[in-house]
Amino acid sequence: MAVDQNLKIELGKQGIFVTTIEELYNWGRRSSVWPMQFGLACCAIEMIATTMARYDLARFGAEVFRPSPRQADLMIVSGTVTKKMAPQVVRLYNQMAEPRYVIAMGACAISGGPFKQGYNVLKGIDRYIPVDVHIPGCPPRPEALIQAFMTLQKKIDGQPLTGEGRPRHLDAEAQGEFPVPEQGEHDLEPTSNKGVWPVPITIR
Amino acid sequence: MTVVENKAERAEGWNRPQVIEPDGEGELLEVAMGPHHPSTHGVFRMDVALDGERVVRLKPVFGYLHRNHEKIAEGASYLASMPYTDRLDYFCSLTNNWAYALAVEKLVGQVVPERAEYIRVILAELTRVQNHASSIGFLIQEMGASGTPLMYAFKEREKILDLFESLTGSRMMCNYMRFGGCRVDVSASWLDATRKVVAGLPAFVDEFEALLSSNEILMARCQGVGILRPELAINAGVSGPMLRGSGVNYDVRKVDHYGIYDRFKFRIPLGDHGDIYDRYMVRILEMRESIKIIEQALRDLPAGPIMDTRAKLRGFRPKPGEAYGRIEAPKGELGFYLISDGGLNPYRYRVRPPSLINLTILEDMCLGHNVADVVLIFGSVDIVLGEVDR
Amino acid sequence: MKTVEEIKAAIEAAVPGAGVEFVSNPSASAQHSLRIAPQSAVAVAKFLRDDADLAFDFLSNVTGVDWPDKEIAEKVKVMRWVTKTVDGPDGQKVDQPVEETVEETRKRIESGCLEVVYHLYSVGKKHGPLVLRMRTVNRTDQVDLPSLTPVWRSAELQEREVFDLYGVVFGGHPDLRRLLMWDGFKDHPMRRDYVEPDDFEYEPTPHDEVLKRAQERENREQRTEGPRDRGLAAG
């Protein structure tokens, strides 16, 4: 139950801090999102630039890039996912602990981007894993990645701890393990995870 | 540990990696480093066999970023491949543009106006400076100095990227050169801004060197590690700072005199030992030489058009034939090989990727070293996966 | 540097029966090349590397090229006998064989091949490029070529790439595996007749070709899966 905003301010003036568990919990979660140190292609360089002095991702509590998926909360899919790499990306995602989030950075991670025609290019990582924030651009500027971060923080802030729309780690029913595609003789098998990504229909 | 010199030069198999026998105690440990490994500059994989800490076998695995650049280019018009070349070596999009433009210009016999040549040189050398700075930053990061040298490098890189952005519209994917010139002209204010940045570069290199060059840890980790013999380097097609770090005087800028490089005074730094430290030092010195070239080019930049008026843009159909054009990219010799059948698309479009070919001798350099040195040796090759796998 | 013709003469003098052929390049670059017979390729390569004048010690680039089977339609003039009805001497119509020239379109299949192109430079003499080419017999079963990796190490990864993407089998290569695609992959995707897996999703577009492919895909899926739920599977 949320506290009335005016009452909260009034109490704050008297030195009394009122909050809810939900707010406190989500504040803690969103202020220390640890991304995985995981670069795929061109966008990874912009991701590195974002963490460097000029753009300084540390302001958002996300400067700690963890090399191990077990310690990371956020996977930034920064670049083209090829069919050779896709099983590894899904496996890494499976190894991350809940709550975990995914940012698809750049046109390639969203849809294959300029390399969409390629025989070895996956046409978007959301075919296999759920994506929370998409950033368009080729590559997106560091400001765009920061914007994506703020969007993700807003999303985390808005997640209730119970009921519909709660984060997956609080939902015992939620799917935790996503099937890893196999490399077949001609293509990945299956070509998409239908539970995550409904095959779009052609409308004419 | 130094690699034992193979005295039987030119004997059968002299250019193969030597076989290292395990010492027989314990079992070999097979480690797959990558494709997700923080030191692999992206998605590269090394299958390493370890005898204790010692590397006895190393097999690189490629293809995790194989984006079918060549296949896509064969279905696209000549100009439509220009933005794709940006994404080959995504640190140095402008030199990639130049190499491709050069190959097509060779194919059709296109000339480039003077002013465009000067602009190309300025941009290519700026690219070289920021590439070498970042690559050294990454190398030291792999040594364990988490962040600091890389931040120095990226601070300077951002200034250069600002110049690229104000000229071409994009920080990284510049898509700037055209067959027979450049896309937009530089303005007086851009030149002023460039002069300011270039004036600050020597101080940056001095600071960078003061931080690193005589650092005891850096010397202990780099000197005598990952030695590459010059005759093997040549035989294995190694190019760029790797080749010159081994003491081979071969720079395409001096050999081919492509563009207008014969008009500038600059020297080619060479290494003595061919170890990681020499490669590091060659890169530092190349930055200084590049700054000299930029200063000369900014001084001599003539007025005039930036596109050849006879250059054909629409319906560009080269006559049947083929051409191989190459330049000295920051990573090494970057070449494009084009076969035209007279159509709108190239019949065959091939990139000669310096990063991939420089990795041919990765195993030779790593054998016998500790696993911690593998990361360093790999970092000293200076690769970008977009170019390795294309 | 010697001209390509002079190099050809030098090779023929040094390697008897080398089977070197001059290939002219009509483009502005004028980088002419030499086609060498596969059986003498290694000997020629060793000569080019070790000869004191040529000293091509630096193999820069290895390229695979696919030349598919070509169907050539040519018009041929053929003489043949046709029966024609002519007026006979006694006013009657008579069938009589007459020789006539007819134009006929004949189709023949010119067998394709796979080609590998090597670009050589000399680091010591600072000259180049010299372009060498080799051709396989056809594109299906006789795709063997000798590997030049023992001569120039830089061919190692590049020949693996040509093997992967074109399917040229290099005899004598120390480690011939796929380079870019995964090991279980069956096709050679850079060949011009390669059909890539149809994994596009089709957006509404006025582009005929895309629409046609979308229609084909829809028909195919309806045959195999029955009518699809309209994209609501995930909920």
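We just call them A, B and C in the order they show up, numbering each chain from 1.
Throughout what follows, contacts are C-beta pairs under 8 Å (C-beta built on N, C-alpha and C of every residue); 3 or more make two chains touch, one makes a residue touch a chain.
None of these values were measured; they are calculated from a predicted model.
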Report summary line: Between B-C and A-C, more contacting C-beta pairs sit at B-C
Query raised in the report: So which chain is farthest from chain A, going by the mean of the CA atoms in each chain?
Result: C
Query raised in the report: Roughly how far is chain B from chain C, going centre to centre by Cα mean, in whole Å?
Result: 31
Report summary line: Averaging C-alpha coordinates per chain, one finds the centres of chain A and chain C separated by a number of Å equal to 45
Query raised in the report: Mind pulling the chain B residues that touch 2 or more other chains?
Result: 63, 66, 68, 71, 389
Query - Where chain C touches two or more other chains, by residue - result: 180-182, 189
Query - Contacts with two or more other chains, residues of chain A listed in rising order - result: 84, 119-120
Query raised in the report: Okay, in this complex, where on chain C does chain A touch?
Result: 180-182, 184-187, 189, 194, 196-197, 199-204, 211, 214, 218, 228, 230-234
Report summary line: chain B partner, complex, touching residues on chain A are 37-42, 44-46, 48-49, 52-54, 67, 69, 79-80, 82, 84-85, 88, 92, 114-115, 117-121, 138-139, 141
Query - In the complex, chain C residues that touch chain B - result: 25-29, 31, 57-61, 63, 65, 117, 119, 123, 126, 129, 131, 150, 152-158, 174, 178-182, 189-190
Query raised in the report: Once bound in the complex, which stretches of chain A touch chain C?
Result: 83-84, 116, 119-120, 123, 183-187, 191-192, 194-204
Query - chain B to chain A touching residues, read off their complex - result: 35-38, 41-43, 63-69, 71-72, 75, 83-84, 87, 90-91, 150-151, 154-155, 157-158, 171-173, 385-386, 389
